[in-house]
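In the two complexes below, chain A is the common chain; its partner is chain B in one and chain C in the other.
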Partner chain A sequence: MEIERVKGKVYEERPGFPVQYGPERTDRQPGSPLVPHEVYRDLVTILLLTAMIFFLTAAVMPGLETPRNPAETEAFTVPDWYVLFSFGLLKFASIIPEVQIPGVLGLPPALLSVGFWGFFLTQLPLIFLVILPFIDRGRETRPAKAPIRSAFGIAFLIVWIFTTSMYSVNNLILEKWPVVGSDNVLKGFIIGPPILAGIAAYVGLRRLGYSSMYWYRIIPLGAAFLIALGHAIWILWAIQGHAQWSWIAVFLAFLVGLTAVPAVAVTFLPERTALRFTTATGLFLIFLGFAVWFTVGFYTPSVLGQVEIVLIPNMHTIFALPIFSVITAYVALRRPYSTYEYLLNECYQCGKCHTVCPVTKVEDDAVGGLNLVYNSFKKEHDGVPLWTCLACDACSAVCPLDIQYSDYILEERAKIMGQSAVDGGETER
Partner chain B sequence: MGLRDLLRRLNLTVFGWVKDRFPTAPYADLTRKVGETIQRQVPRSHSEKYELKTIWYWYPLYCLGGISFIAFIILTITGIVLGFYYVPDGTVTFTSELEPTNPAYESMVKIMNEVPLGFIMRGVHHWGAHVMIAAVFLHMCRVYFTGAYKKPRELNWIIGVILLFLTLGFGYTGYLLPANDLSQAAATIGLNMARSLPYIGDLQALIVFGGTDIAVANYVLRMYWYHVFILPFTVIGLMLFHMALVWIQGVAEPH
Partner chain C sequence: MIPEYGPGRAIPHPVLFRLLDSEADDTTIPEIKVEHKSEFAYYPGCVDYYDQEMQFSHMNYGDTNHGVIFDSSVKLLRAVGIEPMILDRSFMKCCGHDQLWQGKVDVFRKMRDYNTKIIKMIGVKTLVTSCAEGYRTLRLDYKLDGVRVVHITQILYERGLRLPPSGDGKRIRVAYQDPCRSCRQMPVDPVYEEPRELIRRVDNADLVELKTFRADAQCCGVAQMMYCNDKTKGLTYKRMDEARDVEADYLLTACPKCLTHFGCLHHENKWRPDDERYPFRVMDITQFLAERLAGPWPTGGNVDEKKKEPPLPGRRVS
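Presenting the complex of A and B:
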């Protein structure tokens, strides 16, 4: 208790805090007092939320349309946003063929209609969520440590629900943007973007968790490049003799180039250079592509219109894959400095690293040696542990949780060396 | 025998009779002791205890369950007020100009135009519902991404999923109540979906919507009963259980 009191971690008997009566607490790390701290904090949340709802009410008043008329049903209504996914799936279910069940066991024959399949598809998320704890039985909880689960969540719970909701207004979209072409392109949104988002998230989360990356970068980016290239060649072959063939080829070259740059970079260049190369070339291509697009659209809108009619219905490969490639390359190549510390959170202080650390033996002092790992992790050091570490990796070799401690040390040093010196002289800590 | 004795005797007979049966003194004493002597504290989180590196902007995501509960309380209060004036009858009648209308819609017009603070009550109920559903969905996402459904919290996760779908049910039954165009369109979709199940479809439609034809069925009355009686009692019960389990098992933090 005394140590905590000295460190300023004990709040009892301080002004404004309740006095402890009765038997002395055995809990050495008390929480924050319910009254007034937690009560005030909760009150702020409650009042803010109430204020927000009142503000919304004042700003956007809910309307009351015309009374219902059973005689005429409206051509199209959009339900509230939270049931749009169900509505979208009901529409999407039209791709599933209707099945006629023969009568068995005395039951009459029945029809599994489109409505039934829509109902069935709506139940899928519910079933998935209910059985989830029994499918995923691993112990990892951090998103970066369980990349498959997190990527599936991003793909299925967020992107898929969003695109399904979007599909529920498919006729509005086709009406507003007829260039999209057909409903099948919009159906593709239910399947394509979730898969791409899932793969990008998986690769990015592996990077965030400091897992090995080499093939996990090359395979998705290479595949994206090959698919985009193949589709572009197929389009150009299919529209031979088109009046705007050369313009279409130019835009396809931009788009395929955007998938090619990251694929080439991650295959042939070292990490740091690959990131710079991808960012620079990718941004350059995007700006140049948009510049050409708008220039063409400004001077000859009819040409751009013809180009759009060819390109936009194929958006799931030739537009989605460049976006996917650039984002995936960025999240797969960036250096997630901050997560090093969260990886160190796994440490349960078994002390094996301290035992094997060679520097500890040399720098022995009165209090049982210089504990490099513990001190630098807690940031309770004067810089000596950080700069005396040999980065010999003996601690990582014995670590039961496989924490790459020397990587952390090197990152910390790089971070400090990267800081600008405030006083113009020595680097500030 | 003076007045004083009489009062004492009266006290003994009347209050003594009550106190024999409902002894309040020990409970009052206990409450006072709890209030005065125990330092009420909210326990430190795992990350605070072990001084772990945390990302501060993840913290608000741990409030989402509480936010949905607060929104539920706001909805209860405003819902009770609206319930005083709302008429759950969607039967189509005709005005003198032969325009279709119905008592539910008429009562909505009355709430919004004549009842004091009626408009703002309806508005708060409307936006509170949106906030609650959004908060419940985001809460589910937070629990999913931090892996908080793992052992030993599987039961609480399943209760949470049921609560999520009951909340969607609250929203759906709620926006069917004004008996306007949107209500009818949504009810038509729902009715057709319910009817599409083989064998039990029509029975299900009859139970949920009160008929198999949306023009004839007084689905508004059914929806009202689900919205103000069946769903609230189910949801309050499950919510209390949900929160009791969180209290018992502790908040699951990623570490």
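Presenting the complex of A and C:
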């Protein structure tokens, strides 16, 4: 019956379609009308809020502080949180030298001051956003299909803004944690994390998009390992004769080892084993971090404090790279098993697959709209499409977006058979 | 998982698949003595299992002959100057296609690793297979670096198979069923043109296309040996009706699974002589081509080699 209705284009009484059309429509309409239902409900909310404001002004007297004296400048000023990044960039711009431009063609001479450079740096992400449509001409908008753009976004619009916001309170940080040592450490920390986060995001998004991964795993992780190793050797060479040299060596060995494990794992081991090693390394890293955190109070005068004094100024590589290695290796090895639905979302439901599917022509349960793709969208299987599917790929052959449904069938069947094996196998019939 | 539609019900030959699965557990590699070394190897797949399992095979009382695919393939390969090493099932395992598509990925991996080891061990350069499913699986799902995997029609076309002219001037209409696995499902090197070109080389054959062909070709009804029931038979009916509508004399295919299911339906609809629903013959393309070559008729081990005409259908009377 359903089929005849569709053929005759009779849409009345189907879900979502009214029984009658036009102004003479008399059937009950879904939803509630604006007057009086919606008006009354909004009025109640508005009056309640107004009453609360009146009550608060009457009952709670705000205490006014002494007025601020404009003559004296405060020792520490900080803007509102949403412009912290800009403030941090203004401070950071002091590393750029001021440039005096001589006046030419009747124009007055200009000074590219620290203020100008700070303003310029603040606009940098915006400039990037403005020119982005002219650089990236692809039609893909999903992050997994446009990994470069997405990695830039994560690096500069999220991590870069976070680190610059952190730099805006640099003097507070130096005051509270004197072990950090100098402002240069914090300056370096603006640059490093966005780049590392961008690389990690790019690798992870490639994996999410089912792209080839071989060199994209080995190169960043190998480079991280080599940089950490070189830096560790340089530190040990530079502090010869230090009282805690051997302790520092032990610590550096740990940290370099934490970068080495993912690098070796992705190069030589199969994926699943490498993922296990990486996860274990990550857990160990978290454990080590907590151990240092909790013991630092006890050992500060003797051992760990001195180790920290040496290591923390080098934290851009020595502390950031193990974290980077573990995260990158994890996102690069993780099996994106739940993301086939994500790729399936390319489908815009033109229904060509449904037209050509041979199963729908013979299977009673499948006549009238039950097929693989629609079920996949609902993320539920009534069993029929999954096990009657011939995997003949007629749907993929006509798909305008070239979605490989047979891969999806393979994956779902493997999942169910694996679960069935875990449950003790299927009963015999 | 809702049990009435689960995999247990969907796989119709449980004994066969238990056997194949249990075979995969034994991964000891036997000693293999290669009699004549060649860079070509022919992998017949699991056709001999079908012959024993299917009720309508020539081993039982039908006339569908899977073993003849093996004979014909070797005869054709010899005709184009290839003396292949035979990757026999005495030391090879099933390629694992059915297990993979039934969801038994662990069984498939065992088979793949074992077969890959043996193929590398005996030094195969070009692996020829006569089975569409085997072609796809060995080409895409295996990681056979350095081994070229080809379907038999591809290598016959490439090396220029020449067929002698037949004596009688009777024209025959030949339809070709594109197996899903070697056509649509191959992103690289799909086998569309080669079998058609080979059919055109038979001088008295007219190639007719079915209603749906090439990438649009309808499936034969059953893939990966799942769900043999009235619904899948309905699909096979549709496909064979297409062949009847174009008045084909032969329905050829390049996949033993298609041959199995066409043969099954063909057998069921053979009521009386001259009163058949499907008047055409169903056979594998290798058999069709090999019957046109000079030399002993390919028999699939059914009758003696000296026979020069096709074997009679039905049970062999000893």
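To be clear about the criterion, the second predicted complex is superposed on the first by the 267 of 429 C-alpha atoms of A that agree within 3 Å, B and C clash if a C-alpha of one lies under 4 Å from a C-alpha of the other, contacts with A are read in each partner's own complex, and residues count from 1 in each chain.
Simple rule for what comes next: a contact is a pair of C-beta atoms (placed from the backbone, for glycine too) under 8 Å apart; a residue touches a chain by one contact, two chains touch by 3 or more.
In this text the structure is predicted, and so the values were computed from the model without any measurement.
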{"item": "First, second, both or neither for A:107, with chain B first and chain C second", "value": "first"}
{"item": "First (chain B), second (chain C), both or neither touched by A:33", "value": "first"}
{"item": "Partner chain in contact with A:230 - chain B first, chain C second, else both or neither", "value": "neither"}
{"item": "Touching partner for A:126 - first (chain B), second (chain C), both, neither", "value": "first"}
{"item": "Touched partner set for A:143, first chain B, second chain C, both or neither", "value": "first"}
{"item": "First, second, both or neither for A:392, with chain B first and chain C second", "value": "second"}
{"item": "Chain B versus chain C as contact partner of A:305, first or second or both or neither", "value": "neither"}
{"item": "Chain B versus chain C as contact partner of A:414, first or second or both or neither", "value": "second"}
{"item": "Partner chain in contact with A:351 - chain B first, chain C second, else both or neither", "value": "neither"}
{"item": "Greater residue coverage of chain A in the superposed arrangement, chain B or chain C", "value": "B"}
{"item": "List of chain A residues in touch with chain C within their complex", "value": "356, 358-359, 361-363, 381-384, 386-388, 390-394, 396-398, 406, 409-410, 413-421, 426-429"}
{"item": "Chain A-facing residues of chain C, complex", "value": "1-10, 14, 100-106, 180, 184-185, 215-216, 218-219, 221-224, 226-227, 231-232, 234-235, 238"}
{"item": "Residue ranges of chain B in contact with chain A within the complex", "value": "36-44, 48-49, 51-53, 55, 63, 66-67, 70-71, 74, 90, 92, 99-102, 105, 108-109, 112, 119-120, 122-124, 126-128, 130-131, 133, 137, 140-141, 144-151, 153-154, 157-158, 161, 164-165, 168, 171-172, 175, 178-186, 188-189, 192-199, 214-216, 252, 254-255"}
{"item": "Residues of chain A touching chain B in the complex", "value": "12, 18-22, 25, 29-35, 37-38, 42, 45-46, 49-50, 52-54, 56-58, 60-62, 64-71, 73-74, 77, 79-83, 86-87, 90, 101, 107, 110-116, 118-119, 122, 126, 129-130, 132-134, 136-137, 139-143, 146, 149-150, 153, 157-158, 338, 341-342, 344-346, 378"}
